[in-house]
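Below, subunit A partners subunit B and then partners subunit C, in two separate complexes.
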Partner chain A sequence: MTVNDIVKSLPLTVVAGGDGLGAEVTGGYVSDLLSNVMGHAAAGNIWVTMQGHQNIVAVASLAGLAAVIVAGGAVPERETVAKAESEGIVLLTTALPSFAVVGLLYQSGVKGQ
Partner chain B sequence: MNSEQGIALEYELKGGDFEIAGEASSKIKRVLQQIGVRSDVIRRIAISSYEAEMNVIIHAWSGVLKARVFPDRTEIIVEDQGPGIADIDLAMQEGYSTAPDHIREMGFGAGMGLPNMVRCSDEFAINSVAGQGTRINIVIRHS
Partner chain C sequence: MRELALHILDLVQNSLEAGASHVLLAIIEDSSADTLTIRVSDNGRGMDDATRRRVLDPFVTTRKTRRVGLGLPLIDMSTRQCGGYLRIDSKVGEGTEVEAVYRHSHLDRPPLGDLVATVKTLIVANPELDFVYRHEVDGTAFTVATGELTSILGEMPLTHPDVLAWLGEYLAAEEVKLYGGAKHEND
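Here is the complex of A and B:
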């Protein structure tokens, strides 16, 4: 499954990094603690968070994640969007709360790992 | 190439500067990608370098992050001027953090940075003098 498959079937808006939509998604991870993501998300995971500041881009890039979903209607800062664009990180937003997004991801076949 | 001829990278770090936080580690990652280091190895180097870099930004006043990339391994050395760590055993415990609330709100301060460095590295050493600063040495082998 690619990031694009997920974007097409869930209520997600692509706000940056559209060039990376073809990336394979290996699983999912949800956390608002950055070091927790660094320590436990696997390469190629899609990450659900409510953090919208620019440090999420470095985390996603260095941990080799497939995409970041900023959930709960949180609005990524302008610097976050710009950085995601320049680093080639797929940044998605949704009005759904984290719990609901993770439920839908699970239903569509993205497992935690 | 002589096995001790490496690529030397060096970056200045400034405490409290969250805007460029992570850039030094991102630059190291790009160099490793260019020379074709295995991606799972790059990931371990990037994660440990990022955690060490962030600790200077979060907890110290200033510092320098050095990477030495050899054919068989990468060494990360991070030295800072800062408050140092009085009780290293306590600081190494997962979940222990002295990060203030405004930094925790950004998602830092999970108390997992030092444990993540240990988990990602083949060799890890920490030296600290309370009131002066901290030095971290990390070695990650490429195979």
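Here is the complex of A and C:
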């Protein structure tokens, strides 16, 4: 399953990094604690968070994540969008709360790790 | 980060990497202003204005092994999430002062964490460093300075197991006194 498959079936908006939509999604991770994500998310994961700081792009880049979903209607900061674009990180937003997004991801076949 | 103590370790590490021989760590809790301030001042090599403005960018780092540095960017994020801010003052050749301010009562503010273990770790790992730790709660404060300890200890090194055991007990007792004998938020 690619990031694009997920974007097409879930209420997600592509905010930046559209060039990476073809990336394969290996699984999912959800946490708002960045140090936890760095330690536990696996490469190729799609990450659900409410953080909008540019640090999420750095974490996604370090961990080799397929995409980041900023959930709960949180708005990524301007620097975050610019960094995601320049670093080639797929940045998605949704009004759905994290729990609902993760539920939908599971239903569409994305499992933990 | 789960605890502010981890940010403190990061900040002092930055000072050491900037070649500091003197580091002052101050933690100031002020209930009337509802602030918790972590201030680290050093006499390291300092930064020019252009560098200072770039250090909050996670894709800027002095590290050569990878191109992402999250120490200061993570502190910047955590302060802003808690109604606070991060301030950095620096002068080339003189040193740097970093001040992280949190709204004390903010629900998302991480706990301070184990300050006793953190201060002990910093002292043991850097026995040559002139390190001053000051913790102030609503005007009451205590200070530990490695320079003073060294002069009292004479020949005995700061890293001697007996000294460390004493230091741990002393710090723990002083921390308890600061909170008026009340239990610390981490206990």
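We adopt the following convention: the second predicted complex is superposed on the first by the 113 of 113 C-alpha atoms of A that agree within 3 Å, B and C clash if a C-alpha of one lies under 4 Å from a C-alpha of the other, contacts with A are read in each partner's own complex, and residues count from 1 in each chain.
Throughout what follows, a residue touches a chain if its C-beta (ideal position, glycine included) is under 8 Å from a C-beta of that chain, and two chains touch if they have at least 3 such contacts.
Just so it is clear, the model here is predicted, and its values are computed rather than measured.
Three-chain overlay on subunit A, with subunit B and subunit C in a clash. Once the two complexes are overlaid on the shared chain, A:Ala63 sits against subunit B while remaining clear of subunit C.
By the touch criterion stated above, A:Ala43 is placed in contact with subunit B alone, subunit C being left untouched. Touch criterion met: A:Ser35 reaches subunit B and subunit C at once. The partner of subunit A that touches more of its residues, comparing subunit B with subunit C, is B.
Within the superposed three-chain model, A:Asp5 lies out of touch with both subunit B and subunit C [touch as defined at top].
Annotation: subunit A residues 33-36, 51, 53-55, 57-59, 61-62, 79, 87 touch subunit B in one complex and subunit C in the other.
Residues 1-2, 6, 57-59, 66, 68, 70, 73-74, 76-77, 80 of subunit C touch subunit A in their complex.
Per the touch definition, subunit A reaches subunit B in the complex via residues 32-36, 38-39, 43, 49, 51, 53-59, 61-64, 79, 87. Within the complex formed with subunit C, the residues of subunit A that make contact are 33-36, 51, 53-55, 57-59, 61-62, 79, 83, 87. Listed in rising order, the residues of subunit B touching subunit A in the complex are 18-19, 21-23, 25-26, 29, 39-40, 43, 46-47, 49-51, 106-108, 110-113, 115-116, 119.
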